Structures are given as C-alpha cells and as structure tokens.
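The following pair of complexes shares a single chain, chain A, combined with chain B in the former and chain C in the latter.
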Partner chain A sequence: MLPIDTVLHIAPYTVRLRSPLVGLQHHLDTFYANAPRGSTQDFIDFDVQVLPASGLRRWWHPQARFVLDGEEPFFPLPAEQAGPLFEWGMNWCVAQRPLGQLVMHAAVVALGDDALMAPGFPGAGKSTLCSALVHLAGWRLLSDELAILDPAVGALLPHPRPISLKNASIPVVQAFAGVRLGPVYRDTRKGDITHAACPAGSLCMADRPAKVRWVVFPRFETGAAPHCEALSRAEAFVLISEQSFNNERMGEVGFDALCALLTGAECFEMVYGSTDDALALVRQITGSDGKGAAP
Partner chain B sequence: MLIVIAPGRALRWAPRWPCSPDAVLFDASSGDYWVLSSEGRRVLEWLQAELAVERDLLLSRLSLLTEAAEAMLASLGAAGLLVAMVDGVVTAVPSGVAADD
Partner chain C sequence: MSGLGVETDRLLAVLRAPASAAALDAAQWSSLVATARACNLIGALADKLQRHGVPAPAAARRHLDGALQLAARQRLSVEWEAHGLQRALGALGVPVVLLKGAAYVMAPPGKHGAAVGRGRMFGDIDVLVPRDALGDVESALMLDGWVSAKADAYDQRYYRDWMHEIPPMTHIRRGTVIDVHHTILPLTARNAPDPAQIIARALPVPGLPALRVPAPEDLLIHSVTHLVHEGELHNGLRDLHDIDGMLHGFGAEPAFWSRLVANAAGNDLAGPLALGLRLAQTVFDSPVPATTLATLDATAAPRWRRGWLPAVYGQALRPPTRADAGTRAAAARSVVYIRSHALRMPLPMLLRHLSVKAWKGLSTRQAETAPSV
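Now for the complex of A and B:
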C-alpha cells in the first residue's frame, strides 16, 4: 500500500496528512473517503504526520507518533490506534492553534441554521446525545467535540468528523438505525473506543455555519428521571468558559463573541437516563421533533 | 480612604441579560472574568464613572447592612478588582469594620 500523502479539507480547515501506516489508511477509507481533497499548493492549516516509532519500536510493539509541523505534542500510541491518534491529534490542533476562533468543548448539532450546543465535561453523554439527535431525530452534525465560534459571523462553523464513542455508549449507538461504526479499539487510554461516521447530509452542509439558539448542558445518569431546568446566561457563561480551550488567547474578541452567542440563545441543563428521555427533553426545549427540518 | 479599581484592569461588562440578575465582568488585560451580584455591579459602575470614591460614602450608597457592605467591598478587593488608597499609597481593601481613614 502506498504511503498516505494527501490534503484533506475537513471544514473549516485544510489538513495535509502524511503517513505510511496501514491502519490510518483504513481509517481514512472508512471515514474520509468523501472528504474534499486539495493540493499542497493550498493554504495548509495543519501539517500532520502520523509516523511509526523508530528503532526497536518499529517491529516490537510498534507505535504511532502524531507529528504536527515537526513537533510531537503526545506520547506515541500503539500503531493499531493510528486512527484514534489522528482524531485526538486533530482535536488538539483545533483546540490549541490560534486561528481567530473561539473553540469550546461541546457537541453541536443543527436544524437548518439553528444550532443546539451541548457543552459538557467528559462523561456527560455529549457524544451519545449527539449521535441520537443526528441519527434518530434528523439534526445535522457540526461536531461531537468542538464548538468553533467565528467572531466575524457570530455563528458556529461545522467541523464534521467521525463521532467518537467510548465504552458503554458504543452498544447504545450501534443500535441506532443507519449508523456506521468503525472498528472498536480495545483498552486504549480512554477504554474501548470507536467512531461513528458523519452522515452524508451533514458533510454536504459543512460550509454552512449555524447560529446557536439553544445551549444545553446534558448529564446522563443511569436511572435518572428526566429533568430540565433553565439556566441564567451568566451561569452558562461560567460553565462554557470552563469548557473553552482558548478563551484566554482570544481575549476581548472571544468575550464579545461568547456574550453575543449567549444573548441569542436560551440556556438549559438537563438530566436523563435514556436516549428516549434525552430526545424528548430536546424536543421540549426546542419545540421541534427535527423530522422534516429545512435543509 | 479612597476605593479605586485595581490598576491595570481594562474592565468590560457582558450585556444585561434578562432573567440574569448576576453580571459578568471581564478584564481584557488579564483575560480573567467575574460573576458579580447586582450590588457588586453597582460598586464597579460607580468606580468606573467616578474613578475614586471615599470608602464610607461607598458603603452608605449600598442597600446592604454595613457589615454585609464591608464584606462585599473586601471580597471585591480579594478578587483583585478593587484596592484602597491612603495618602496616595495603594493598599488592600480592609475587611474589618474599623477602617483607619
């Protein structure tokens, strides 16, 4: 198999990716086969290489290294985890590189141009909720992990990539109609993980920003009765700021952008114990079932 | 004793959101932010407008009992938002009732 040397347009960024690792090629074939391709003449936001470790590690328990612009921000992982390493590395690129956008840890889905942003700490159930809304309720995926706020347009930019699923969420999402999962990687640093492909409809709308209408802080609790409560925007500001990767670097521009986002949104926290309950709460909050939403 | 906003701050307010009694205040110099009660906001707004206010006058303007008002000023000082000035020298906002003006 030829080494990978390709330029991917993963909205809103252009990524040059080079790697000789077969596992990463499979990951690209599974999840990025339809991603627009560019050339090395394009402006490259992230110049990424996923490389094998050198020396003995090339053959004995081979490892994969994530290299960005010649630097390695992470420890290597087992070579068979090259796909997840690429995804984690991309998250790091978007979160850490100063690109003039406020980047927050949140899932984002939209109905037409109205976005629901779901910030949350790891384990809150963002990705499962996001998968359910996308696969069962007709929402489009902007991102399961990164809300990218462009201060110039006051809207979130789609960054459609595979949805990352962990541990107990894997069989839950596997049962959703129409979902396409990749291989399950066992015993990673985050436990068992897999990815769900971004729906084609979301990829088609990857150039269409969405304004935040609802900010929802989800919390999955086994056996919890469904519950939803309005939050003040000041409370939401604090919670979102805690989940922002670069608000300090963004300074006043980021503050103004986040304030404008909150001014145009209603804020809620919701607790649920099942996917059905979560979908019902979102319907209650947004007043929509998502089906037949305007494209 | 004068109370002033701590030197070096470049303070900005979030909009007055409906149904949000608390106010978000941002310092463009440091990137820090605070969530203030409506009384805290009033204090900061007075000082933004008047630059420096006598501590006793400030306390008398607040619709709080003296002890609560002093505690609030002290907490704004502890948060790095306010400082006191005595004879031109910057000092911490006192937390006790007996301030030596």
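Now for the complex of A and C:
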C-alpha cells in the first residue's frame, strides 16, 4: 500500500495528511472516503503527519506519533491506534490553534439552521445523545465534540468528523438503525473506543453554519426519571466557560461572542435514563418532531 | 537574501517589505504562515500586514487574526502582572526593572517609540532588582502567591550560586512565571555588566511607582547580549526582530548611538553588541551606522572579533523544525550551544554542569520509558 499523502477539506479547515501507517489508511477509507480532497496548492491549516516511532519502537510494540507542522504535541500511542490518534490529534489542533474562533467542548446538531448545543462534562452521555439525535431523530451533525463559534458570523461552524464512542455507549449506538461503526479499539487510554461515521446528509451541509437556539446540558443516569429544567443564561455562561478550550486566550472577543451566542438561546438541563426519554425531552424542549425544521 | 532557506527568506522578505506578500499564491501563504508560527513571529507578521494594508486570503487571515487576538490578550495579561508586581513589591521601596517583553509593553509610549512588541507573544515575566534586595523581593513574592518551580537541590544551587537569577517562580493561581534577575548575565560569565548602572538609568513607569523600564540603549543591549549568549536560538529570529524594531524606533535620535556605545563599553559588552548588530543588519537590513560598529570593534575583546561568528549564528537562527534545516544549521546550533556555556562559566564548571545535566536527562528518560500502562 502506498503511503498516504493527501489534502482533506474537513470543514472549516484544510488538512494535509501524510502517513505510512496502514491502520490510518483503513481509518480514512472508512470515515473520510467522501471528504472533499484538495491539493498542496491550497492553503493548509494543519500539516499533519502520523508517523511510526523510530528506533527499537519500529518493531517492538510499534508506536504511532502525531506530528503537527513538525512538532509533536503529545506522546505516541500504540501503532494500531493510529485512527484514534488522528482523531484526538485533530481535536487538539482545533482546540489549541488560535484561529479567532471560540472552541467549546460540546456536541452540536441542527435542524436546518437551528442548532442545539450540548456542552459535555465527561461521562454525561453527550456522544450517545448526539448519535441518537442524528441517527434516530433526523438532526444533522455539526460535531460530536467541538462547538466552533465564529464571532464574525455569530453561528457555529460544522466540523464533520466521525462521532467518538466509548465503552458502554458502543452497544447502545450499534443498535441504532443506519449507523455505521468502525473497528472497536480495546484498552486505549480511554477504555474501549470506536467511531460512528458522519451521515452523508450532514457532510453535504458542512458549509452551512447554524445559530444556537437551544443549549442543553445532558446527564445520563441509570434508572433516572426523565426531567428537564430551564437554566438562566448566566448559569449557562459559567458552565460553558468551564468547557471552553480557549476562552481565556480569546479575551474580550471570546467573552462577547459567548454572550451573543446565549442571547439568542434557551438553556436547559436534562436528566434521563434511556435514549427514548432523552429524545422525548429534546422534542419537548425544541417543540420539534425532528421531521422538519423547528417552528 | 540571508541564506536561511527558502521559507525563512520569504518570511524575512515580507517582514521587511510587507507589500511583497500581495504576489504570493495560496501554497506560499501556507508556508509563510507556518514558518512565521515556527519562528514565533506570526503575530509580528500579522501586525505588519495589517498596518501596511496588505490583504491576506481569507484562509490565511484566520491564522493572522487569531495571532493578533492572542497577542492582544497576552499584552493585557502582562499589564495585569505589572500591576500585581506593584501591589506585591510596592512597599519594599526597591526599584523593580522590567526586562524584555514586559518592558516593551510597559514602556511609556513615545519614549520608546512603541516600536517593539507589536503583535508579540509573551512568555515569562523578567525583572531585575538590586542584588542586596533579592531576599526581600523573593519573600514578598512568596507572600503574594509565587512559588519556586525548581524544587531539585542541584537546580536551586545552580541558579543561586552561578546564575544571574533566582530559580523561576510560578504564581499559584494564575500559573504565570516570573524570573527575578539581579544582573543581566550569569555571575560566572566573562562579560560582566554592571546592573547598578542599568537600574540607575532606568525610567519610571507611569502609575506604577515601584516599576522601571531600562533606558532605550540598555533595553537594546540587554536584548542583544541575551541573544548572543543564548544556548538555544528557538526564538532567535523573534528576538532579532525585537532588536530590529528597537533600532528603527530608537535610532532616529542621533544621541542614541553614542549613548549605546558608551553604555556597552562601560559594561564590557562591546563585542556581543557588535555581533548582535551585525546579525540584525544581515537578517533584517536594520539601520546601524558604520561608525558605531567600528567603535565597538575597536574596544571588543578578541574572542568576539572572530570573522566566522556572524555566519555561525546566522545558520543557527534557522527554524529547526522546517524541512530546509540542514546539517550545517544543526552543526551551527551545537557550536552556539557549547559556546553559550563557555561564555557563561569557566571550563571545569562547564564540564561538571553538562555531565550532571546529562546524567539527570538519562535517568528521567529511563523513568519515562518504564512501562506506564
């Protein structure tokens, strides 16, 4: 197999990716086959290489290294985890590189141009909720993990990549109709993980930003009765700030952008014990059956 | 043409003549932005393009705007730290001279021409205090929440006995790092400058009575001596760009050059200054009068007058991560690294220090490769 040297448009960025690793080729074939391709004549936002470790590590427990613009921002992983390494590395690129965008840790889905943003505390179940909304309720995927707010546009930018699923969420999502999962990677530093492909319909709309109408803080609790409560915008502001990767570095621009985002949004906290309950709560919040645009 | 590789040369060309960027294609903009980022000059590049009204393609502008925003934020945070230092140290009645980045930000506008530090990213805060006030300053900083980051006994001794600063202190809540210097080069170094003169000549900072910034010529001398005594030149081009900004900003006043020469000679720093000025001339076409260089050469120690020095430092300035960094650059970097230590301490001390460092590096590496999963 030839080494990878390709330019991917993963909205809103252009990524050059080079790698000799077969695992990464499989990952690309599974999840990025339909991503628009560019050439090295384009402006490259992230120049990424996923390389084998050198020396002894080439043969003995081989490792994969993530290299961004010639720098290695984090430790290598076992070579068979090249796919997850690329996904984590891309998250790092988006969250760390100052591009004038406020980047928050949240799942984002939309009906037409109306977005629902679900800021995630780890383990809150946002990836499962995100998959359910996308696969079972007709929402389009902007991102399962990164809410990218462009202050100039005042809207969130789609960043279509596979949804990351961990541990107990894997069998739950596997049961959804129409979902396409990649291989399960056992015993990574986050436990068992896999990815669910971004639906083709979402990829087609990758150039269309969506304005936040609803901010929902989800919390999955085994056996919990479904419950939903409105939050003040001030509370939501504080909670989102904790989940923002770069608001400290964005200064006043980031502060103003987040205020503007919340001005147009209704905020809720919801607790649920099953996917069906979660979908019902979202319907209640958004007044939508998911079959068309929200009223 | 400075011969630092195609990509670095393109960056330097745009910094010197921003309008030339208008002719670049998308791929060249990519490399321009990536190289500027690697050299820690992306904010300076963005600032130059903006001030000269040179439009960048939308994809590149995102990176440039992001850098400007970050630089503005960091500037604000430097101002905040300066106010914090006034609160923490104001009662001591000791002059606290801000150095490098903090001085560029806090210098009274007009006096320093605000020529330096536009779009610059900032790291640690550096300050210079009289040596006999060091203990009081350290205690006052500790009370204000600054703690010593180097716990290791060898590191503590290295700093306290041999270097020109106490071990760096980190603020417990804000995470910022301050380096408190009592002279501007290591105590063991051969070119011994007199910090008392720098403190005496320093200028007040409006509204912050405990703080000072060095006089323009001292600010420049400090920046240059650091550059040419530095062992690693990761930020070499960035520092040289600061120097270029100062030469443009301060050089217009004729008296500046004579004061510069007088201060450097008085501080035994004529040689390092001449080398630094030559580098700025080669790399950025900085304005330096020939008479200034001639006067400095005449009083410089022989080890600073070696003809190969500017070429070696020039090579070592290549950004190390770019593909065009060849073995010549790598060799030049080793020469600069060893030379920096040789300038900093006598040979027996150097050998001892490098072996302790190597031994400690080896044991850390072993600890890292031990099975961790």
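The working rule: the second predicted complex is superposed on the first by the 291 of 295 C-alpha atoms of A that agree within 3 Å, B and C clash if a C-alpha of one lies under 4 Å from a C-alpha of the other, contacts with A are read in each partner's own complex, and residues count from 1 in each chain.
Everything that follows uses one rule, which is that a residue touches a chain if its C-beta (ideal position, glycine included) is under 8 Å from a C-beta of that chain, and two chains touch if they have at least 3 such contacts.
Bear in mind that the values here come from a model prediction, so they are computed numbers and not experimental data.
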- Evaluate whether chain B and chain C can sit on chain A together after superposition, giving fit or clash. fit
- Message: Is A:237 touching anything from chain B or chain C once the two structures are fitted on A? First, second, both or neither.
- Response: first
- Task: Identify the partner contact of A:251: answer first if only chain B is touched, second if only chain C is, both if each is, neither if none is.
- Result: both
- Task: State whether A:263 touches chain B only (first), chain C only (second), both chains, or neither.
- Result: first
- So, does A:42 touch the first partner chain B, the second partner chain C, both, or neither? second
- Task: On the superposed three-chain arrangement, identify whether chain B or chain C touches more chain A residues.
- Result: C
- Centroid geometry (CA): angle chain B/chain A/chain C, rounded to a multiple of 10 degrees: 60
- Quick one: smallest Cα-Cα gap between chain B and chain C in the superposed arrangement, Å? 5
- Task: Could you list which residues of chain A make contact with chain B in one structure and with chain C in the other?
- Result: 248, 251
- Would you pull the chain C residues touching chain A in the complex into a rising list? 25-27, 29-30, 34, 37-38, 57, 59-60, 62-63, 65-67, 69-70, 72-73, 76, 321-323, 373
- Going by the contact rule at the top, pick out the chain A residues touching chain C in the complex. 14, 40-45, 47, 69-71, 97-101, 189, 248-251, 253
- Message: Give the list of chain A residues in touch with chain B in this complex.
- Response: 230, 232-235, 237-238, 241, 247-248, 251-252, 255-256, 259, 262-263
- Note on the structure: chain B contacts chain A in the complex at 12, 14-15, 17, 19-24, 26, 28, 31, 33, 35
